[in-house]
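We just call them A, B, C and D in the order they show up, numbering each chain from 1.
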Amino acid sequence: MTTSGKEFFPEIGKIKYEGKDSKNPYAFRYYDKDLMVGEKTLGKWLKFSIAYWHSFGNISSDPFGKATKALPWLYHNDSVKVAYNKADAAFELMAKLGIDHYCFHDFDLIDEGDDLTESEVRLQIISDYLLEKQNEMGIRPLWGTANLFSHPRYMNGAATNPDFHVLASAGAQVKNALDVSIKLNAENFVFWGGREGYMSIINTSTKIEKENLARFLSVCRDYGRKNGFKGTFFIEPKPMEPCKHQYDYDVETVLGFLYKYKLEKDFKLNVEVNHATLAGHTFEHELQMAYDNNMLGSIDANRGDMQNGWDTDQFPIDIFELTHAMLIILENGGIVDGGVNFDAKTRRDSTDLEDLIIAHIAGMDAFARATIAAYRILTESNYAEWKRNRYQSYSKGLGKDFSDGKLDLEDLKDFALEHGEPLQISGKQERFEQLISMFI
Amino acid sequence: MTTSGKEFFPEIGKIKYEGKDSKNPYAFRYYDKDLMVGEKTLGKWLKFSIAYWHSFGNISSDPFGKATKALPWLYHNDSVKVAYNKADAAFELMAKLGIDHYCFHDFDLIDEGDDLTESEVRLQIISDYLLEKQNEMGIRPLWGTANLFSHPRYMNGAATNPDFHVLASAGAQVKNALDVSIKLNAENFVFWGGREGYMSIINTSTKIEKENLARFLSVCRDYGRKNGFKGTFFIEPKPMEPCKHQYDYDVETVLGFLYKYKLEKDFKLNVEVNHATLAGHTFEHELQMAYDNNMLGSIDANRGDMQNGWDTDQFPIDIFELTHAMLIILENGGIVDGGVNFDAKTRRDSTDLEDLIIAHIAGMDAFARATIAAYRILTESNYAEWKRNRYQSYSKGLGKDFSDGKLDLEDLKDFALEHGEPLQISGKQERFEQLISMFI
Amino acid sequence: MTTSGKEFFPEIGKIKYEGKDSKNPYAFRYYDKDLMVGEKTLGKWLKFSIAYWHSFGNISSDPFGKATKALPWLYHNDSVKVAYNKADAAFELMAKLGIDHYCFHDFDLIDEGDDLTESEVRLQIISDYLLEKQNEMGIRPLWGTANLFSHPRYMNGAATNPDFHVLASAGAQVKNALDVSIKLNAENFVFWGGREGYMSIINTSTKIEKENLARFLSVCRDYGRKNGFKGTFFIEPKPMEPCKHQYDYDVETVLGFLYKYKLEKDFKLNVEVNHATLAGHTFEHELQMAYDNNMLGSIDANRGDMQNGWDTDQFPIDIFELTHAMLIILENGGIVDGGVNFDAKTRRDSTDLEDLIIAHIAGMDAFARATIAAYRILTESNYAEWKRNRYQSYSKGLGKDFSDGKLDLEDLKDFALEHGEPLQISGKQERFEQLISMFI
Amino acid sequence: MTTSGKEFFPEIGKIKYEGKDSKNPYAFRYYDKDLMVGEKTLGKWLKFSIAYWHSFGNISSDPFGKATKALPWLYHNDSVKVAYNKADAAFELMAKLGIDHYCFHDFDLIDEGDDLTESEVRLQIISDYLLEKQNEMGIRPLWGTANLFSHPRYMNGAATNPDFHVLASAGAQVKNALDVSIKLNAENFVFWGGREGYMSIINTSTKIEKENLARFLSVCRDYGRKNGFKGTFFIEPKPMEPCKHQYDYDVETVLGFLYKYKLEKDFKLNVEVNHATLAGHTFEHELQMAYDNNMLGSIDANRGDMQNGWDTDQFPIDIFELTHAMLIILENGGIVDGGVNFDAKTRRDSTDLEDLIIAHIAGMDAFARATIAAYRILTESNYAEWKRNRYQSYSKGLGKDFSDGKLDLEDLKDFALEHGEPLQISGKQERFEQLISMFI
């Protein structure tokens, strides 16, 4: 079902897997959805999702210039018509790419209305339409979210706004976004704290603001649970931009927050590559920090520029970096709640529609290749064993006793006195690196 | 009492306060120790401490070159004599600067011995000597710590070492360092996780390592408490260097860790300027994060270079930056447990002894001036009121109900529906900035 | 003369100097325009200029949100009326602040037309109006420039665009901008290479692009000179953003470029604080590099955030940083061709008109205070002498011979053999820092 | 010939090429030295060199700890014996790896003597020995250099020292280093300005210092040429560390300097990966800037950590990054004067000798693989053609006229008027990225 009645990407058909020697830009070279990688198919390991905002709404203005992209589905005076067209374009591209999940902010689906009531009506209309398309095509949202940062009212934050009136407006918006997400059977619901932070600490009470944030998340959670939302809530860490400092700085900061405010039962982390690097971490580090606490929810796949200090959200392509990330993901059993959402945009000067399609194909291929490489490292090499062996002293004898909490400081000293200077044990980083590189 | 029997800084006498118009490099221009600033003297607000390692042990080798500094107290073949001399130099400088606290690592006091037993004997000898000098001069340690990073055995970490044998050696060392700290009546005890982190995540189990770290801190705490240590334990966050990633990344990461492992009763934060900036934060941010949780323990005063990505540990001098930090400190009631430790070193090419003295005088003056400025901002201007007023909507009506946990998401929506679009309220950052600058 | 017939800033009159103890936010505390500082007045040292784009055109959308600022002069359907209003607002603010220079891009003055011809007509109209106002009020442009980055056609660069057609369009635009600048008696003309650089080096021939840039600048220069432009052309370095890499990276990169293409006779540098810091340099470093080559043209006054990797363009306020910059400027004789342009914007959430005024007052005061402090350091302290003395060995004997090019490598060796190991001479950075801080 | 009479790496024989499926850590998987890649063998494209300092002298102390590495060839009380052993170890490893070039600082070869004369004697002795070994084994230095940064006398710079006496000492040292380099038939000679820069700009005359640097380089060049040195002199850019700012900041800064002081005939650039990234550039960017001026001399192969702001000098392993670099190198005809020097060190905790060997093997393999991939991209894909076509508008018609310097600004405007708005042309970065990834 389409209302537009036209194809937006007529030049391509369904993208097929052709194998790694293919040079066809419109084919997968690694992403064979049904390939078994251990106990799961590639398609299950990598539950891909498209990002409604970047791929279907972003016309690429930037702080130094106007929009460059003429997306054909946006050309209509009527908001509802535009929303239908956008949905048609999105679902067409998903079908052609073989992606059956999407992620959205409330007002990606349809423009915000002039007031809350009009916005509700609009969300009602477009979600009816999307639900039909979903059912027809076997597609559902990986997650929904509310855009609490674009409207000027949020210039000083939403849940952390010094003005209760703004916080209440944000609450109203989340309620509607949750309603839509439940209706559309979204698997999860995300909070990205776009402007939850400060521009300057000199005019800010961080304590009040963070407590309000916690309370806000609690009431949202309660509402969701009361209304049948079974999925997981995600917080998406980002350290800065647009704010000078954002409260959801990185995974460990968010974890501390969630535990402090007892939100850890319902919330997990949505980890984005570019947000990790903006925070001074590798993506794999952020993943590991989440996994160490059983709190990895989902990932936002993209790529930052290590030398540009803002969110470039480029499509992922770096097979070296991705293999290291997939190694962590596979070692820890994969992504349970969420999936791999392409929170990525083609460059401002990539103005052909073709660029959008190719970016997705190349990104999916890069993830598939990395998954296969990581799996081989874990199953065909000594990697896992070497890593485990580094810690074997804690599995036996007094090391185990220490791990079991049976030793005190005097015991440690006695051991040290008795055993003298420890033997030197190389960390063997280069050997590990060589091993990994054998499989990339 | 001195064993060296000589003055190491004969060219200076006791540094006096001469007022802000003085151009005498050997006088304080702002640091009038007994000046009342509100209810406390400057000397109480700023419990200064010298750093034994930088000021008396650091001969300024760097990764690209050999030592440049010929510190006269280090010239002796005998470790004990050197240690006596060093103590004499340190106490002489403290007396002349009017500083009555110092901070030390175990093997700052005296060189590590060839084995644990010899190290113990040495620590015994030098602590006897220091205790006498302390009593004579009314000086005591602000905090002690164990150096768990310089010896090669710690190349892969101490409490997070993959080898239990190394962890046990670290335990033995902390036991002795705690014993010395208790004997010397140290007010607090610090853990700086010098190499607690990883060089590469590919050969590392962060989960095991952090759990071991938590357990290690617990047994140290237990030992201290059992043996009469009444002070506070501090963790000193640092994000990187020498490790690629250090577990005590920043204040919020450490807070999350302390709460997770239930260490928050005994541990607080020792926040260092340069470590804050290496982590991508301002110093004032890190202070605020600690205060928001009543976890600010002490500060390490120095100054980083925002454009050099390593710990430069320069002496503090930037009155603009310091006023912002002191504003946070005064707003939050000052530093309760610890003080202001000059974890700062003169540049490698500042090779005159004079440079060391002047660096301290200028640093103390800069802090004093910032304290006075911050106090005036808080008491003579509208600053505090303006800041408070930004949040007044949470002190009354439904805003207060929200703060008190009485509203749910539907209530927020009802409020939003009823009240319509919020009025725009400027954040007024420039007005705040202007106000602060009026008092610097 | 105004066409709007109204005051846009009715709440303020002419801002007066009230002295440093004034707490009036609408008064200068340091900026006494006529105060003699050495041989020049403060007003001459600091030839302030307002930035037409930030202060009168910027409504503060950002990559994550819509415009927040409702500037009253922009509310009209007719481009010409808006342009008249904007001019009225700008000239009113300049008069009230006592600023008699402004800087503009072509399409700051009036919106770009639908085609080149319409744009020309519009520029003709608005420049007539501005010229009248200028004459009436004794105001003139510090510099003009052409906006070669906002229009989508420039998405891949202007003078460095791979497509000659775009380069030609840029040429047409510069011609008109130069014509307007000459007509308005602009003192200088700027090139900021907004998108002259690359998004990715993999699709870019940097060699062709930079050669085209040089040729483009040459033909612009030739046109200007032929048509009576007597001022200096400026290049404004910036390292990145919006491009991944911008060719005018920093002062030294631009200097190399200017010398290589023999443009150094007509071009100098316009150095911006925030661009300096984005390039990994201090502002004072960039100033010094320009002065060392007699190539400092003008400065763009603002302030970056050292921890946010994009151009925040905040208003300057940091007295410590500014004193260091003014020290370089005064040591080198001041700014000859240009002035001090406030290329700064109030924060996105500073939405009161008052904020704009206060930001300017505070920024002017900060510069004035820094100028006075720097002057005192240079005239009342040993600073200049100490610095000169460090290099005295090159003013006499063999050191001078070396400076004069009379020694060869064997001579150096003979000297070294004869004189043995050099004495160690401290760099005394802390002593210099203390001295400077005595005057801030 | 060895004086030590023993093998230092007895556990390995000559490393062989075994093909990409080999999992033998002591074999090459891609580096088949004799494989023809276009018109040259892999061995010719990649003239590998070992770094005497990192691999044979570095015992891995760091700013936070003591040396960890017990290199067996260093254990002797006699400097000459140590030097012989070191040479034996170095030449043994080169032979086993199939590397026939090495790079050295003067005092890598043998410890500096107590005075200049003793140092000369020592250099004489060790260079005799090395010359014999070179002749026997067909090995020669890729380049030599003088270490002008480790000795305390250079704490304020060598050629840029404020004290002429130090500059003269540096001259003496370079003379000897040049003599040794000529004697050993070194292909090139490098200047890395270790401490040529400043710790603080407030006590520094950058103008005097840079002029002295230029003069110093000139007299060194003159001496070399007069004494038969036929190779190229290289400057190795680095932006910072140990200095706050180093004058040889990056490639373009150095180029500007070389042209300004007319040194460009004899000097080229030695570009290091980690120095590029410290300067905020990619390695490929720095290579391209050098090539665009025919000034690429040689490369220092290693890998930085984008999130740690100091020189980590890790061994190269990232196939994605290296392919992009080799693409630039191959597009520009390869490295003419120099080669690929492993200026890389195993991590401080990689304490097995095996780690050093494996690091080299893996690094050589990574470069070989990248070279092959880049060659295929250039010869088997449309990459070069696509890139060329982007600029085709400058090869014909008025675009060509512009390139040929035949158009003025009015001509550009006429063209723009006549042709109207340019068509939008996508930059197609994602398509380029996909293409490249097909060959990695």
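Note that contacts are C-beta pairs under 8 Å (C-beta built on N, C-alpha and C of every residue); 3 or more make two chains touch, one makes a residue touch a chain.
Since this is a predicted model, take the numbers as computed values, not measurements.
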Taking contacts as defined above, which has more of them, B-C or C-D? C-D
Using residue numbers, check each pair in B-D, A-B or A-D against A-C and return the one sharing over half of the contact pairs. B-D
Between subunit B and subunit C, what is the gap in Å from one C-alpha centre to the other? 39
Distance in whole angstrom between the CA centres of subunit C and subunit D is 37
Give me the residues of subunit B that touch two or more other chains. 68, 152, 155-156, 199-200, 240, 280-282, 307, 347, 349, 351, 424-425, 427-429, 433
Would you tell me which residues of subunit A are touching subunit D in their complex? 23, 25, 29, 68, 277, 280-282, 306-307, 315, 317-321, 346-347, 349-352, 354-355, 358-359, 361-362, 365-366, 381, 424-431, 433-435, 437-438, 440
Going by the contact rule at the top, pick out the subunit B residues touching subunit A in the complex. 115-117, 152-153, 155-156, 162-172, 174-175, 178, 199-208, 210-212, 215, 219-220, 222-223, 239-240, 245, 249-250, 252-253, 255-257, 259-260, 279-282, 284-285, 288-289, 292, 324, 327-328, 386-387, 390-391, 393-394, 397-399, 402-403, 405, 407-410, 412-413, 415-417, 419-425, 427-429, 432-433, 436
Interfacial residue positions of subunit A with respect to subunit C in the complex: 61-68, 149-152, 154-156, 194-195, 199-200, 240-242, 244, 278, 305, 307-312, 347-349, 351
